[in-house]
Amino acid sequence: MQTETGRIEAFSDGVFAIAITLLVLDLKVPYAVEKGLAAALLKQWPAYLAYVMSYMYIGVMWINHHRLFTHIRRSDDTLLVLNLLLLLGITSVPFPTSVLSSHLGGPQQRTAAIVYDGVYLVIAVLFNLLWRHAVARELLDKNYLQSAAMITKQYAFGPVIYLVCLLTAWISVPISLILNGVLAVFFLIPPHKLAARKA
Amino acid sequence: MQTETGRIEAFSDGVFAIAITLLVLDLKVPYAVEKGLAAALLKQWPAYLAYVMSYMYIGVMWINHHRLFTHIRRSDDTLLVLNLLLLLGITSVPFPTSVLSSHLGGPQQRTAAIVYDGVYLVIAVLFNLLWRHAVARELLDKNYLQSAAMITKQYAFGPVIYLVCLLTAWISVPISLILNGVLAVFFLIPPHKLAARKA
Amino acid sequence: MQTETGRIEAFSDGVFAIAITLLVLDLKVPYAVEKGLAAALLKQWPAYLAYVMSYMYIGVMWINHHRLFTHIRRSDDTLLVLNLLLLLGITSVPFPTSVLSSHLGGPQQRTAAIVYDGVYLVIAVLFNLLWRHAVARELLDKNYLQSAAMITKQYAFGPVIYLVCLLTAWISVPISLILNGVLAVFFLIPPHKLAARKA
Amino acid sequence: MQTETGRIEAFSDGVFAIAITLLVLDLKVPYAVEKGLAAALLKQWPAYLAYVMSYMYIGVMWINHHRLFTHIRRSDDTLLVLNLLLLLGITSVPFPTSVLSSHLGGPQQRTAAIVYDGVYLVIAVLFNLLWRHAVARELLDKNYLQSAAMITKQYAFGPVIYLVCLLTAWISVPISLILNGVLAVFFLIPPHKLAARKA
């Protein structure tokens, strides 16, 4: 059964908006303020860093989701399920963010970074599954096939680089997180601009 | 007074999107990490299992709600109230999820599973009440009466099987939860496909 | 400056949907389960009662808000501010709900019930202020002036009866809460039906 | 690539609605009620004050965001990113609110007020960046250029006065907070009315 994609987009937008806003609940007011509130607040820098990183990540993924559904004109049951799984990944982001912010700078930070990167790797795979299903089942708008091909190319990099990002955590957690941030910028750039730069 | 169903759907979509996203708040960063963060995270498997199960459940119920309102064209006061009661069931899901994730694998897991299945049983009954009211008061779109009849058939199974699911918890909690997952898949399948398979 | 009411309604719907869904966060999994999980869950009955009462209340207020904005066709700056204040009342409901559920059945339940009823009294006053402003500034759709007059009559009862409800808490907390529930039903009924019954 | 602004507005509305509703989670039921629940509730006045201030602030910022996007007709990649950064500021408001409510009236209240004002200063800067980008790239509706010029003037005051507000916290925290409230009223007033008053 074909359903129009409007309600999927509206529901997904709601989920993205809520997930991005819930991140703030991980920022806690410090209890121990013997050295002053300012010092106690500054000591929480991993929480702010993780907050901003995850916020920008979900924001960029929202832009990408929007970009995909600009091309997808029809839906089917499998697309609905793949979209639900993708949103499962997105809504879970506050949890690895909290794991990272609790352990960044501590002895267990490697494990925390691997969990964090791991969730992003899974989301990258799910983005590819959803998109490739839409391409294979010809759910796309015929007028944008050229720009759709560019998306396919850009997205193919996703899982590979997020895997590299995850493996880098064994060498250096800071480098892994910086690479993670660079990836967000990479997926912020629309694919036709990437193509234009290469040309 | 008849009101158009658009705003009911938008409000319901909002509630579904928030309920599905709030589930993540039940995932807590482990405090005791003496055996390493990885071990502490893995030990929390009941929380992840309950999270994914409830997420997929709410997702499938959202698809079903959408399916019903594709057929329902008009609204009345009773429909508004029945829809509010149905959403009461949906918004409460994070609570039994939390009960289940806190006790799964523990000595009280039977009670937790019964509470969990019980909420789903109530939701199944409410889905039937809403749908049967819409059928009885002729609130349906006249063009889809055939597919509406298939929905009525599929939904009639809901309360019965969720009751079986609940009773199974006395015999075996894992089997009850697996049956619960199978039910979600059953309600994911559009009724006309079920009819086609039988034929 | 006149603005169309569409975006006010969409924003308000979002706030209602979130407030109604956040209520579930007040339901906590019991820690002390020496007498069994079932007994521990049952002991939390005030929390469930407060949850269902507040849920139905916000749901009915959402229906009322919808009803008002079916009549209001134009907006002005004061309406924007009055609507924000009304939503301030609605979004605060989880707090008095939590106060009530923590103290219902305990020695401080009178104070808790007065706080609870007090918030509802304030909301009833704000509904009247918003509606009377819309009437006075002629922001209404001219086609529905008759049904608008019925709303004015029904709403005039609100603050008075919620005040009675609050004062009743000094005599009996249970009666006050039952009266509160009856009031929700009263505001669920569309004003033209109330008029029809009287006639 | 130009995209229509509709989905940006819908997403932003969702984020504003969630952020404004999450503020209530900072209101906690008091545990220590030896002197009675009423006394314990009244003792929490800083939490209520911070709640109402932040609520009205986010509400007024939502009205302003709406006002800007009434003028902005087209979007580009930079606008998307600037809007995400602005929403980052808005969604973070529950955290400085919580910092303020935990320390208002205590020995560390100056630091808390500076953090609170500081977030508002950053948001004021981001509002200007977004707006000036839209003006510079000619993303505005040509029919409203005159009223757009008034917005530019009003907004230019924002960062300056929020800086004054922040610096005032060194002299007096109460005055700083009152000034903060006055600023919210200033940005509530539509720019064409400010112009009319001056004329």
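We call the chains A, B, C and D, going by the order they appear; numbering starts again at 1 in every chain.
Note that contacts are C-beta pairs under 8 Å (C-beta built on N, C-alpha and C of every residue); 3 or more make two chains touch, one makes a residue touch a chain.
Remember, predicted model here, so these are calculated numbers, not experimental data.
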| item | value |
| --- | --- |
| Chain copies touching (chain A, chain D) - same or different residues, decided at half shared | different |
| Copy-to-copy rotation for chain B and chain C - C-alpha atoms, rounded to a multiple of 5° | 90 |
| Of all other chains, the one whose Cα centre sits farthest from chain C | A |
| Whole-Å gap separating chain A and chain D, where each centre is the average of the chain's CA atoms | 27 |
| Chain centre separation (chain A, chain C; CA means) in Å | 38 |
| Shared-contact residues (touching 2 or more other chains) in chain D | 10, 14, 18, 22, 25 |
| Category of the chain touch graph - line, ring, star, complete, other | ring |
| Touch list for chain C against partner chain B, complex | 9-10, 13-14, 16-18, 20-25, 27, 29, 33, 36-38, 41, 51-52, 55-56, 59, 62-63, 66, 70, 188-190, 192 |
| Parts of chain D lying in touch with chain A, wherever the complex brings them together | 1, 3, 7, 10-11, 14-15, 18-19, 22, 25, 77, 80-81, 84, 87-88, 91-92, 94-95, 98-99, 102-103, 108, 111-112, 115 |
